[in-house]
Each structure stands twice: as structure tokens, then as C-alpha cells.
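Dropping the structure in here first, questions after.
Naming follows writing order (A, B, C and D), and every chain is counted from residue 1.
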Amino acid sequence: MISVGIIGGSGYTGKKLLQFCNAHPFVDRIKIYANSTAGEKISSIFPDMVNAIEDDVIQSVSNLSLDNDLYFTALPHGEALYYVPLLISHGKKVIDLGGDYRLDSAEDYVAWYKLKHTSPGLLKSKLYGLADNCNANYDDYNLIANPGCYPTATLLSLLPFTSNFNNEIVSVSTVAYSGTSGAGKSPKAELLMSEMDGNVRAYNVNNHRHQPEILQQLQKNGFNSSFAFTTHLLPISVGIYTTTVIHLKNKIDVELINQVYNTEYSSSSFVRLRNEPPNLNWVVGTNFCDINISVKDKVVVITSAIDNLIKGAAGQAIQNMNKFYNWDEKLGLINSGVQYAQVY
Amino acid sequence: MISVGIIGGSGYTGKKLLQFCNAHPFVDRIKIYANSTAGEKISSIFPDMVNAIEDDVIQSVSNLSLDNDLYFTALPHGEALYYVPLLISHGKKVIDLGGDYRLDSAEDYVAWYKLKHTSPGLLKSKLYGLADNCNANYDDYNLIANPGCYPTATLLSLLPFTSNFNNEIVSVSTVAYSGTSGAGKSPKAELLMSEMDGNVRAYNVNNHRHQPEILQQLQKNGFNSSFAFTTHLLPISVGIYTTTVIHLKNKIDVELINQVYNTEYSSSSFVRLRNEPPNLNWVVGTNFCDINISVKDKVVVITSAIDNLIKGAAGQAIQNMNKFYNWDEKLGLINSGVQYAQVY
Amino acid sequence: MISVGIIGGSGYTGKKLLQFCNAHPFVDRIKIYANSTAGEKISSIFPDMVNAIEDDVIQSVSNLSLDNDLYFTALPHGEALYYVPLLISHGKKVIDLGGDYRLDSAEDYVAWYKLKHTSPGLLKSKLYGLADNCNANYDDYNLIANPGCYPTATLLSLLPFTSNFNNEIVSVSTVAYSGTSGAGKSPKAELLMSEMDGNVRAYNVNNHRHQPEILQQLQKNGFNSSFAFTTHLLPISVGIYTTTVIHLKNKIDVELINQVYNTEYSSSSFVRLRNEPPNLNWVVGTNFCDINISVKDKVVVITSAIDNLIKGAAGQAIQNMNKFYNWDEKLGLINSGVQYAQVY
Amino acid sequence: MISVGIIGGSGYTGKKLLQFCNAHPFVDRIKIYANSTAGEKISSIFPDMVNAIEDDVIQSVSNLSLDNDLYFTALPHGEALYYVPLLISHGKKVIDLGGDYRLDSAEDYVAWYKLKHTSPGLLKSKLYGLADNCNANYDDYNLIANPGCYPTATLLSLLPFTSNFNNEIVSVSTVAYSGTSGAGKSPKAELLMSEMDGNVRAYNVNNHRHQPEILQQLQKNGFNSSFAFTTHLLPISVGIYTTTVIHLKNKIDVELINQVYNTEYSSSSFVRLRNEPPNLNWVVGTNFCDINISVKDKVVVITSAIDNLIKGAAGQAIQNMNKFYNWDEKLGLINSGVQYAQVY
């Protein structure tokens, strides 16, 4: 049994973390830390969680205690820099769900996040925890950078291809659509129901922070072609759908491609290969990533779908916690074929 | 031809007013006044309106000019009190789309709006402009209080009944659902797509400002039974649906009821009596109010549907303008069977 | 451990039953029976359920086997009449989720369902299983009629009031809104996304089959006032929101009303009394019913919210199964504060 | 003044055609023809259109009269083959909104539509009427093939680029999302609100009939690179959003690209170039196509948005009618800055 601290527990991701931890058989104590909501009860912020956990008063992060075994940080970028080095220096395990430790290079960090990185050593020593496509020994790490939501959906569906057929690739274009919950709970006029009802828009075109994160992981696996990444908002709250179009130099036998993906994922707990493009609602409320591959002539189209708050954030973080402690990676996420995803 | 000033032109209602005025055959000049958005262009606030009107720079309301014939005020409650008396004193016609002049009594105003009314004389001399159910001579008025969105849908569907069968009524309960645009464009967390997607909630239960407004009009027409009014938010942007349940002392012949409604509305331009409950999307984007009446034993159920921003605000205001100037009330609202509702 | 048969396993309710049974600690075998989908796999009908259960081939109901301990019937009205008497005669426990056994009288059944009832004795000997408001001894019954979705939300929120303050009531009006999943999976043009997007409509006004079901239960508890019930479709898939307006003869002290509800529900597993009107999304994906009571003068407004497929169907059926076997009623529905609601 | 026949007037596109024709200043008589709905009134199929047009009884297409000047055919593919040759042979003008005459080659038609084409001569003599990007002399044609919805959004945004920078292109990938109304009004389970609420899915991947239509037009303008086209359904009714990613051989100066688009569209009535990615709701209910171009290094991302039923069907057809008769192309589509788009 371990005790867990959740720093930034009053956002959408923090709520999901809390629910998963609360249901996890090996987590016996949870402390929630936040800034502006310190002193409030979780159930006053999320009324659906009334009576869900024993002590639901939010602690002030300014009095961050060091008595937990593992800490999740779910904070706006820049803020984890204040807590993660401290926690690591005290021998704690940390899983950071923000963007502060995902890039490997301090130069890339300042270029994309417009901030100087204050613990660049941790950028090198962290594990980029793409849980379903990661053969690293978690024992070697104290800090896991939990991947971004878009990178999770994109990399899980694309990495097997680029790693195996790199020399055949002409170009890769990922077009991704996300529900609005990815933008968080801070009120902004352009995210109102009145504005988003029936609406769609591209945003951060050619300029999304998840692009260098994806490219970094692709390139570490040998990719060296042209990559484009374009993000859009859907008129719904939850879910990410990615469509990746690959133009090839020559035709590749479909069976060969399928074999690569089957090898990678046929025994996977959470990646499901599909014979048809996934429906987003097959995965919403779950930790699954559903993937379909379509090949015609020299064009490959890969579609993938995830729940951005679960597989793209809190669910994958729990999966990383399980791997950190060498527990079954499904623990707290699936039980007797039931996902612990929708909780109260 | 008249010139028009729109005070509060940068909200949802102001935008609709601008679109209708821009298309109106007898409006040849439009000035837009606002506070925080003064100096900006309408097309920068509403990009769908690029090139829609000739001069779209918003004037500061602190320099309100008196060179327009008619003024629309579309402001948060309390703010019209600053401009309306001034305009009236200069002989201007005014149509106020806010709540400041709808109630007849200064005591009611302070009770419901928590503000002292500074021009109580105008409360008495104004016309409550429920355009489709109003036999007043508009020539006798300078100030029209444009009804609230909920009162419009409720009163149009209920007034013929209460006015004709008052003695037979045991109780009246109106349950109303509205899209989120009624709450305006100011960002609030509880109105985010992330919160409202798939959601519904009652609000201001037993405490909505539109309740005394409805009751005042019912009572002026003889109603003296118990009335309840409950409002809810729909997970969409536009539209109001009201369901009014009337319990009777004795059965009333259905034909008698239908006759009353037919007499009231059979030649109406904008009220359409229906043989089945209306669909909300029959009226969204139009100035129509669709109404259905169902009678069984001693229960009458009346459903009605409107576009809250058009029939419940800007469309009815244009209709009131037409009646103010003794023009055809459909002018600028319907042309050859086409509603000028959805504009760019 | 028991074995369970689900008759009508390929609809929305059947799917939820399957998911709950699959996760239930005391259910060790599940058989699914259906008509037109016999021979297919559940995972081909609901692709999100791939690998979720061991043997997911649907059996033909024409070969209904009698080797299960408990049967759920989730069928269009009229069809349960073919199976329930047979199963009961063989000593099986049955929970019927359809409308065939909810009314107590064969006359009412033919009046509302336009069918002669072929097992009227079972109408008398069944238990109407409103699980959260039912003190019956389940040992005395073999057949449970699982309440309809609207009646569940309405009765849980209204019964304590009518049972305790019947003599003070002038009239009761329930206005209910439901997501489209209540209408099932059969394709109808008026239920298409293209028709329902942004839409709302009342339906079956003064003529919904759930009205006599509600009234029967109210009257069994002493209610004898006028009752109206009006249903609407929401532009979403899941959830029911009810608003019940009660006009009183005299004021009733709020504390007295609260005391009645607290007595009824303060230790309830699944009914949560709220200080503000519930949000529908607090309960979607769960077996909870959230209720708020607002009193002003002689008007009481009660709002309630449920998931129509869970608390209004499959979740309540599982709860009834738990009570049938004298298990903890939360079993399979909540675990460590986690609802087993959203499953894959 | 002309008289117009609409064949297939009871679908979503037919309805829009009817509304536009009804409001058009130069159309004085409209006849509606259909098959299964013959004898019904338009207002019984679309209750929002009650009283909208004078004679709204649908004629049987089996008694197709030849007394109209212009015919619109809005039919499932294959069906226009029965009427178009007949009408053309009688000297009528025809605008076909279906897919039967869009491809130039009978071989392509049979390959993609699985039907032998029975009037291949018309494939050669028709005009492909991409109204906003078409310099043809309409006097030379009797038959206009109105472009598909996806091709309209894709070609308007892409043609200027491929026509001017063909030699610099490595690959082009268009990812398009559409509301469900594009799939028509026939009830299908997978298009129900219950299935599409909160859902997204790719469909017809590498196999959509609009792909050869787009490619044909690109190639006629010199394009000879690799092109991929992927379509998705949005959880809304109306609108198309396309994202086209172009990988280049070398960087191209942004100003050069902007100049090409400005030259093409700066005086366009209906194409609006944007400095930021369009919002879908800027164009829904209008005949506009909004386009944004983003360039970074050797990647160009072009986003475009249209209303699939207006610019992607009926609106463009009216525009084509205007050009057919040498009228102002905005006639009936914009009046004093008001779009005649949302009609009742």
C-alpha cells in the first residue's frame, strides 16, 4: 500500500486522478494539494464527488508535506518546476502530467514554453512514460513525464510505422481533433457552450507545443521525414481523434504493416487494433486507445481515438504508477473486464 | 428612412439587432455604442460580420450622440437607467431590451433587481411591448420595454387562456428550458462547453426575475390563481421551450379553447398554432413563436418554442420598431416568405 | 454465485445489464438471448465491448434454456409475456425491465398498452421494485417489475412528499426531459442527429404510458389530487431531468419537508439530497438519483436527475438483484467509492 | 422571371433549394417533384415551412412536366440519369446537385458509383460548376454539375495553391469533417443522436466518391502529386471543415502564397480569406467559404469551412443559376448584407 499526493487536484485531470486513486486497491491514503482552492472541499468543486473520498479537504500547496510515497503533479506549465525537484531530492517518486518535463532539451523547452527551465538535469534523467509503448525499466527512474494527450494518441498509432518503415516515408501529416476539456476549466469566452455549440475550429496551427514532443519521440526512433501536426476543437467535452496520413515512396504490403502493429500491440492491455476506423465513443470513459490502419496504393491513413482525460492524462498516469511499482498495469483501471473509468 | 442607435451593440442581442437593422429597408444609418469594446470593430468581435455593414467601428457610449431617431438599449440591468431618461427627454423613441423598464412598480423593481429605480415615472408611461399580443396604440408611447425572453414565450402561449378562463383555473406551472446564449457572452466556468456538454440544470428556482414580469402581465388581464415558474439550462446555445401545465376546476370543451386561440392568433404574422407540440428547431433562426395546446380531463398542457435572441429579444424589438412607425410589422423580418434572421 | 440470463441483450439496456453482470462479484455465468441478433457476437454489435466477456455469442431466445438462476427481460412491451410466466413456473427469479408487469391491473394494461395481458395473476403477485424506496421483503417475490425510467426519477423525488403531505396538495405537475437513448436503438428519422441537434420537443403529451405507472404508485401511498405528466426529448443521448411543481393549500414549514426527505433518504446508498438543483452530469454514468427541493410560499419545486439507462433501467435492476439475494445493494454498482457504471 | 422545377424536393438539399427559390426575386413559380412523398405537402414534411410557399403539394416525378425553364435535380446517385437527358433534350437548363454528372469519364463513374452511365455524352458537355472558382462562359452549357460538398470546401481552398505551385508540392493530404446532414434524412442506426452524441468517426477511408471528383479538378489544373482524402462525421448536423496539409520541396515565400489567393478571391462574393483559422459557425447558415492559410518551413496548412447544405449544395446551385442567367451571383443569397440562408 502506498500514499499518494496529488498537486493540482482541482482541475479536470486532478479530479480523474483522485477518482482512480480512490478506487485503486494499493493506494490507501490520498492528499490533495492546490493553490487557489486550498481549504475548499473537493465535493464543493465537483459536487458529483460528494462522499466519494474520506478526507476531501484540499491542502495548500504552500504547505506541501513530504509524507507521501508518490506525487502526481497536474499543473499549468511552469508550475511543476517548483515542486518536482524538491520531491525528487527527497527521494519521492513523481509522475508529472504537465508539459514541464516532456521535452529532453532545455533549449526546446524555452523555445516552445517561453520559460527558462530550472531543473534541466531532470529533463535528461526522467522517463517519457508512453505506457503502452515503452520497454524501459521503470526501476531506473524517479520521475516520469506523462505524455501529452495529443502525443499519446498520435505516438501510439504512429510509432510502430515510423520505427519500421522510416525509409519508405515521404511525409507524415497528423490532423487531430479534441474535446474542450483539454483546455481546462478556466472560463474563456471562446470555450463557452454559446460559442462552441455546433462549432469547430483549428487552433495553434503549425504552432502547438505537442508538435515538438511528438517529433522528439519519432526522431528518437529513427524518423527523419517531414512531419505536420494540426489541432482542432470539437463541439464536445471529452475525447481526441487523430488522423495521420502517410505518403510513401513505394507501396508496402498491407500484411507487413499489420504484422508490425500486431507484434507491437496484440497482447496489449489498452491498445486495441481495429478493422474499421474507431468511433470516439468506444473509448470515452476508458483507458483504451483504439487504432485502425488503412492502406491504398502509396497512402497510409491511421486513425486513433482516446479519452483525453484518461488515456491522455490520468489513466495513463495510473498505468505508469502501476509500472513504477511493478504492479499489474491494469490495476485500478480494469477489474473483471470493467473499467474503473467513470467514477463518482 | 430613420437612423438608429444601438447601445450595447457587442453582445449576442446587440449583434442580432445590428443584423436586422442592417437589412431593414427603412433604416439608413446605424450607430453602435458600447463601453468596454468602444473603438473596436464589430467584425473583430464577430468575425462572421466582416464587410456586413459600412461603418462598423463601435462608438463610446460616454459620447452618446443624440442624432439618431430611435435607440435600442441592450444592456445589463441597471445600465439603461443612465441613458433612457436622457434620450426620452430629448424626444427620442427608445426600445429597451433589458429588464429595467418591464415592471410597472418601482417597489417590485427594487425587490427583484436589488436597485433603486431612478426614473419611476417612465415605468408608468412605457409600453410593455409584447408585440404579438398587444392592442395598444404605439403613437401614445415614447418608450417600449421589450419583454424578456422567457416572458415572451410564456405570455404568448398563456395569456389567451388566463384571460378567458380565469375562473376555471386551479393552478398554473410553467417549466421553461433555455439555451445558454440567454446568459450572455461573459465567460463563466459553469457555462463552458466542458461543463454544459450533455448537461441540464434548473437554476434560480422560485427566484427568477422573469417570474414577476410574467405575473404582472397575467394579473393585468385578470389572473388571480397560483403561478409557479421554473427555469433550466439546455446543453445548446439558442432557443427557449416552455411547458405550461394548468389544472382546472372543471373540464373545458377543447373546441372552446381552440376558438379562443384562433381568435387571438389566426391572422398573426408570427404566432403559429400547431396541432402537435412544436420542435424547437422549427423556430430557431426566426421570429416565430409556435404554440400547441393539449387538453385531457381537467389538465391543459401548452407548449411553446421561440428563438430567445430573435423573438425573445432582437426580432421582437424590430417588430416593435415597425409598429412604432406604423410600418408593416413583418418588415425586415420576413420577405417573400424568407426570414431575415440568419445573417452574416 | 449465480448464473444469469439476459433476454433482449442487444439493446442499450441489455448492454448495460451485461456490463454490470460481467463486473458483479457474485455472477459467474451470463447467457445472452435475443431474436434478430441471435448468432452474432455482442462485440460485433457493441464494438467497445470486444474481449469484455468470455463467451459473447448471442443465443436465440427460441431456444431459451432454463439453466440460469435469474433472468432479466429487457424487451419491447408485449414480448415479456411470452417468457416471464414460463420462467416463473420453473421456479426462476425474474426481473422484467419492460412495461409488461408494472401496472397492477389488466384493465389498465390493455388501456395503455393496447394488448390483452396473458398472465394477469403475475400483475398481482409481482413486486414493483423501486429499489431506493421499497420496504418490501424480497423473499416474498419471484418477479420484480423494474420501474420505468421516468417513474424512477419522478417517484423517488415525489413519493416522500405525497405520502406525508397529501392533504395539503392542490395539484402536482411533473415536467420531464430525457435523452434519446430512452427511445432505443431502432432507427427513426426523427431521432437522427440531423433532426435532434439543437432541438427539443414535447411528445406523448397527456398520453405517456409512464403516467398511469406513476399515478398507481402515488395513489397506493394515499395521493388523491390532480396529477399531470409531460415528457420531452433533449438533444443528448443519456439522462433524465424531472421538475415537479406542487401547489399547496397552505404554507408548509420547509424544515418539516426537509425532515421527511432526510428520514427517507439520509442513509440511502443511491439517493442524494442536494442543497441546489442537481446538474444532470452529476449522475450520468452512475446509479445515483440526485434530488433538490425548493419551497416558496405555497409552491414546492422538486428537481431530480438520473441516468435513464442505469438508475432508470439496468443499474436499478442490478440493485434489485442484490436485494433479491440479500446481498449488499451496492454490490457491483459501487466499489471503494467507484461506480461500476461506465464499463467497456 | 423564370419558373423552376425541383426534382427530389423532400430531402435536406431540396428543402434549402425551395427556400432559396421562394425568396429569389427572379423566380416566380416553383414546382416540386418527388417519388415516395408525392401528394404530400412540403409543410407536412418540414413543418417549419408552413405557409412559406403558395402551392406546396409535391408532384409525382412520374408525371414530370416540361413547363419549367430550369430544373434542379437533388437525387440519390443513379436517379438523375433518368431525368437529366430528357430535360436537356427538351432544351431545358438543368443543375444537378447529385454525383451523376460530376466525373468527366464514364469509366471513372462505373468504377466509383458501381453503375453504367447511360448518358456519357453529357459527362463531356456539362459544366462542373465550382461557382467561386470558375471562369467558364455559362452560355455555352445546358447542364451544370453542382460540385459535391467536400469537393467545394477542398477545391476552393486548394486549387489556387496547386495551380500555381504544382512543381513545389511533395504531397497533399486533406482531412475533412462533416455534420451528419450530409448523409441525408434516411434513418440509419449509426446516425441516431443516441449513437452520434459526443462521437466522431472516420468513414470511407481511402474510398470516398468525392476523392476522384477532387482529384479530377486538381489534375485538370496541372496537379500531379500524391493526394489523400479522409472524411469524418462530426457530432452535429450542419457544416464541413477541411484541413489540407501540403508538404513542399522547398520553402515558398508566404507573401507569394497570399498574393495568389488574394488575386483569386479578393473581390469574391462568397470566399473570405481569413487571418486565422475560420470557426465553422462563421459560415453555417450562409453561402460563404472561409479560408485560412498557415505556412511554416516547408509545410502549408489550409483550413476552410462551409455550410454543407448551402455553399456545399443548394446555395452554390442558386449561385450557378444566377450565373446561368447572367444575373448578379449574389441574388437571392445576400440582400443588403443579409444572407437569405436561414429561412422558415
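Basically, contacts are C-beta pairs under 8 Å (C-beta built on N, C-alpha and C of every residue); 3 or more make two chains touch, one makes a residue touch a chain.
If you're wondering where the values come from, they're calculated on a predicted model, not measured in any experiment.
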item: Contact-richer chain pair [B-D vs A-D]; value: A-D
item: Maximum centroid distance from chain B, chain identifier (CA atoms); value: A
item: Listed pair (B-C, A-B or A-C) duplicating the C-D contact set, over half by residue number; value: A-B
item: Whole-Å separation of chain centres (CA-atom averages), chain A against chain D; value: 39
item: Averaged-CA centre spacing for the pair chain B and chain A, given as whole angstrom; value: 46
item: For chain B paired with chain D, centre-to-centre distance based on mean C-alpha positions, whole Å; value: 37
item: Chain A: positions in contact with at least two other chains; value: 195, 197-198, 235-238, 279, 281
item: Chain D residues touching chain A - in the complex, by the definition given at the top; value: 170-171, 173, 175, 177, 195, 197-203, 205-207, 226, 228, 230, 232, 234-239, 241, 243, 245, 247, 277-281, 284, 292, 294-296, 298-299, 301, 303, 305
item: Chain A-facing residues of chain C, complex; value: 19, 22-23, 25, 47-48, 50-53, 197-198, 272, 274, 279, 281-283, 285-286, 288, 334-344
item: Contact footprint of chain B on chain A as seen in their complex; value: 12, 179-181, 183, 185-189, 191-198, 235-238
